Amino acid sequence: MRIDGRKNEQVRSTKITRNYTKYAEGSVLIEVGDTKVICTASIENKVPPFLKGLGEGWITAEYNMLPRATGNRKPRDISRLKLDGRTMEIQRLIGRSLRSVIDLKALGERTIWIDCDVIQADGGTRTASVTGAFVALIDAVNKLHKKKPFKVYPVRNFVSATSVGIVGDQKVIDLCYEEDSKAKVDMNVVGTDEGEFIEVQGTGEECPFKRSELNELLDLAEKGIKQMVQLQKDSLKMDALWIGTGESKK
Amino acid sequence: MRIDGRKNEQVRSTKITRNYTKYAEGSVLIEVGDTKVICTASIENKVPPFLKGLGEGWITAEYNMLPRATGNRKPRDISRLKLDGRTMEIQRLIGRSLRSVIDLKALGERTIWIDCDVIQADGGTRTASVTGAFVALIDAVNKLHKKKPFKVYPVRNFVSATSVGIVGDQKVIDLCYEEDSKAKVDMNVVGTDEGEFIEVQGTGEECPFKRSELNELLDLAEKGIKQMVQLQKDSLKMDALWIGTGESKK
Amino acid sequence: MRIDGRKNEQVRSTKITRNYTKYAEGSVLIEVGDTKVICTASIENKVPPFLKGLGEGWITAEYNMLPRATGNRKPRDISRLKLDGRTMEIQRLIGRSLRSVIDLKALGERTIWIDCDVIQADGGTRTASVTGAFVALIDAVNKLHKKKPFKVYPVRNFVSATSVGIVGDQKVIDLCYEEDSKAKVDMNVVGTDEGEFIEVQGTGEECPFKRSELNELLDLAEKGIKQMVQLQKDSLKMDALWIGTGESKK
Amino acid sequence: MRIDGRKNEQVRSTKITRNYTKYAEGSVLIEVGDTKVICTASIENKVPPFLKGLGEGWITAEYNMLPRATGNRKPRDISRLKLDGRTMEIQRLIGRSLRSVIDLKALGERTIWIDCDVIQADGGTRTASVTGAFVALIDAVNKLHKKKPFKVYPVRNFVSATSVGIVGDQKVIDLCYEEDSKAKVDMNVVGTDEGEFIEVQGTGEECPFKRSELNELLDLAEKGIKQMVQLQKDSLKMDALWIGTGESKK
Amino acid sequence: MRIDGRKNEQVRSTKITRNYTKYAEGSVLIEVGDTKVICTASIENKVPPFLKGLGEGWITAEYNMLPRATGNRKPRDISRLKLDGRTMEIQRLIGRSLRSVIDLKALGERTIWIDCDVIQADGGTRTASVTGAFVALIDAVNKLHKKKPFKVYPVRNFVSATSVGIVGDQKVIDLCYEEDSKAKVDMNVVGTDEGEFIEVQGTGEECPFKRSELNELLDLAEKGIKQMVQLQKDSLKMDALWIGTGESKK
Amino acid sequence: MRIDGRKNEQVRSTKITRNYTKYAEGSVLIEVGDTKVICTASIENKVPPFLKGLGEGWITAEYNMLPRATGNRKPRDISRLKLDGRTMEIQRLIGRSLRSVIDLKALGERTIWIDCDVIQADGGTRTASVTGAFVALIDAVNKLHKKKPFKVYPVRNFVSATSVGIVGDQKVIDLCYEEDSKAKVDMNVVGTDEGEFIEVQGTGEECPFKRSELNELLDLAEKGIKQMVQLQKDSLKMDALWIGTGESKK
């Protein structure tokens, strides 16, 4: 039995609220247990310098926690003039994950900025961010699509994420903070609606882990991602219909 | 008639939600029309270097907007390595306003960190921050008081704030963003439940203003602050009973 | 009787020296008692990005204190990589104050940089900066006007500033540092030669203040601003003749 | 056939030179094909604040590339005042990897600083850094051990790393830069001499990958790590004898 | 004949005003032609970390130019978050020059901060800074000496500086800005009242120079330093009497 | 007899390895005793803003030490967000020295970036950097020249550097770290193959020095520079033939 009474393969109660704030082209509040993240997608009609003139778009992500999203107040980055390494790692993960299912040529010369701001953190903020950000991204892309349809709809697959890990001698899914802080192995997995992986990041900081353990964890992760994709579908409903319809699908 | 149908002396619909997040000692969501701010109060058992050993406490505030709290995405401070001047001005205002009604000796050697994070901005974020932060502060102070009563309860007065301004030829209260951007005179006023002022900041960026106009604006502000204090009382209910009971009241 | 023997409504001995340094288009040393500030106005033939192509000019201000302008040496901003909040607040105040009487369309596509560097600080550095900067600004504007007359002279009014406050139970004007550090209420007021206000910034950090007190302080401030404007006129003499002659005057 | 004539499962020619510079407690030049990294281990007799008084040690890593380690000159971090995200990610990976096989209690209250400076980069700099840094770490630990033997020798396992990926339709090991820039899937794997994993980081930026592909890549990685561990053993010879002899081995 | 009518070996008219501002322990305005620098010396009763507990003092210097000290406005360091290289070079020169004649043991555990702020720059600001800072330093040291005499007076020699250079085919002393910008060889020399050198910094950026030219320039510099020392003596009068009287003189 | 058995006028064993890394247009490892510096020259086909459109090129230099190039680990600049003053001074010296023998007009609108990264430091890193960087510069210039010959070959002279100083009562050349840390006078001299000086930087931090001592040190430096130039010639061989052949030679 887990700390919060869940079974090992059970994800926490998850809720996706679309149109959470009024200005962003896509704006989602995702709640995974007590973890709450505001994910917005903002469209900018230009691309970073390294893409200028190539006719391609870009997706980039930023991640942050409110100072008191956690048990102890964490000073703001600006007060130390440095972005911390964990934050960088997470925002790079979010950006890469979303880009992997986007046809950047089809998107055209625009940038979609993803902002994931953690209001309350109870473990799994990076995977909740990926899952929520995908929904915000679809809302933003559809806003463009409804105004002037893309020749090729630029999103090829759903993207969801979940965490898995070894706590004590148990392999569990969707670790809450208390579990996470005791985990011997901690893995974040990002995948698609077709059961493929986008990111597999497993870490045994306390001690190494066996290939067989890795396999069991991946089994769990596949189940979790499936559930998360279903939640995205339930939330997006008709607005998900275009996903994967582009010819450029591989 | 104002843009949103309000009368000149009418504040927007305001809602205060206490215990909005689970970790902070005080945590409030304040909604003033479409302006939404999360205000938390965090207790730290030490004081800044300049107060060490003096037996006094400290209140300090930080303010920030989520990148897409506004119509255009605003880059995060950390990406420019600079806190912008407007943000600094606002967080200094919030800190000073709250300190002016606190008996720092009675508070004892601890710091209360106020964090105001704007989720959605539609004008008046600084005054909403002051009003919401006061409620979060009371919740944090009471958490201490209930565990081990203060000899002298450290909060002497309620603190609320509102904005007033001249839009076209009308003096109006609680300007929304659209009004604010057209205002010739813009004033933020912080006051107490006893009708006194803590901060009066009037600016005529576009053109100077007359003393008689200042007076009319102050009349309006007094009414608005009164309403905001009432909302704080309605929200805090019994938890407001200690305010002003300390002997140190001036 | 005040610390330095002045009456409550008496400003300190003030002196304005024009052409204080040789390169700047306008360069003024203003001495208000022991407070000494070098104010320069520099013309740059371009505008910030947000004004590009609009045919308007811009006025911006920077403020700084020499490290040993005060009793204790204050480390330079660059050694902490941060501009402090007080400095930001002051330079924003100076910029706003001057812009409020300038017809930016008439000025044309150029920026006037105001630099206020405090050589010696004895209270009232921000108000001295405003008063001195206005004179430097006129000298810079006239340098342009004499070379090639503006169609509409871009300065509509004189701008001066003074501080007022409550020290002990006395309302006093133009506080020196010792008074300022004991003041219960501290107010900075910027106004014009026509008796209008541009900025009213009153703060009761130690305790709130009544509307009647605010009124008495504003009475004092009006007198002080009047005297400061007179000093500006005496210093500028014939060079002040164009002020307020533009058609765009409101 | 690969670009440089290697077989898919063939790592590049690798050379480890110990005592490469004279001051550091451990100093290694590792060359993997044309990738060259100087790895040093420096002992400091104190620990970071969060470990003070706990009787434990710490291992931390920093990673950097000389500006012209690559085809195009890369500006130094200090010129942009920012550490880039890739660098952060890599140095966090190196630190975590080494800590996972260290008994920090046994190490005692000291920090070992690992510095990996890339002289020439041709793909695989992060995995070369891990492999080289481990050897430098052993040299530094042994310097302590020879002076005053640890009660429990603090290193439990060898740590090596390699990269694998999918280039075209081939699964290959130890990608050079040209392969890396064309890879659809890119994975970095850190493991031990006992065939266990410490870090598995697989990324499909261009497109998602199947579980079966992941498995084939992990098979390759296991072979590569085995070879790298053998190289470490050949280089360290007798100096590797203590590794894994501590009682705390798990 | 030089641009401003001087002879090659003639320094510009120089004036030293002591007690220029009221707070600093030493405060000097030095004017060398149109170059004007405020030099202050501030005493702090602690030493930097690397000297803690050694019973020695420290002298450190900072140098800055007001933004409009020059023909074109120079942005403040803080706006670029970087101290420029020229500024660093100069402040290190000033610090080293003064330390070379100070008995730091005799000074005791205190730091003297030298601040050189250039009000107006017309060439030779670094040498004017050294010459002026020395006088400010003596005033600060004497303030200590008069309160409680040093066992060994800590200043061993006068320190003055001047610039020399080759302009066209002429070797000249004390270059003004216009000469400096055309000079083929530029040298700054710091020396003592006994004709010894502390710093010799000669640069031929445009082209190399011969040893014979170096010798002629040093002849000129020796004359200039002699004159500057005399000016310091004339300014300090009786307050210079202790210089060089300590037993620690070498 | 010196610490390492050398005679006073004897430089340390010096070795120049060209083509040390594979990407840079010029890449040199210079070893002067135990001091080892990697010097690269990188060509960029644009110039800094202040030279745009003038048809001239630019040479700029950056210098850095690996954290453990020295006896104690030195934190990286980026961790303090500041470039230290010594580093700035050195990189400015390297840049100026090389520019003084370059015909920037002849070079054309391109920048050559010099990077000097110290692998191991045992005194004299700045002079080794100058000497090594010159060779890397020639290799980069020749790469251009061989592809498309310059009308006027842009390098007029060889540039080498050495250090001299007074240690105890001896004047010595090419000080190692131990000597340098005890030196009373320390001088760095940069010169040409024609016996002219480019930079003379003498410092008597501990105490002033006489003109006669300066002269003896310059005699030593001349000898050392001569030897260094010979080493450059031996290393460059035929690739040095173009140096000084341009018509623009002065």
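All chains are identified by letter, namely A, B, C, D, E and F, in their written order; residue positions are counted from 1 within each chain.
Simple rule for what comes next: contacts are C-beta pairs under 8 Å (C-beta built on N, C-alpha and C of every residue); 3 or more make two chains touch, one makes a residue touch a chain.
These numbers were taken from a predicted model, which means no experiment stands behind them.
Centroid distances from subunit A, each centroid being the mean of CA atoms, peak for E. By number of C-beta pairs in contact, A-D leads over the other of A-D and A-B.
Measuring from the averaged C-alpha position of subunit C to that of subunit F gives a distance of 51 Å. Centre-to-centre, using mean CA coordinates, subunit C is 60 Å away from subunit D. In subunit A, the positions touching at least two other chains are 81-83.
Contact ring, oriented from subunit A toward subunit D: the chain order is A, D, F, E, C, B. Looking at the complex, you find that subunit B touches subunit C at residues 81-83, 85-86, 88-89, 91-92, 96, 99-101, 157, 187, 191-192, 194-211, 214, 218, 222, 250. By the touch criterion given at the top, residues 21-24, 27, 34, 36, 38, 40, 42, 44, 62, 64, 66-71, 73, 76-78, 81-83, 113, 115, 117, 119-120 of subunit A touch subunit B in their complex.
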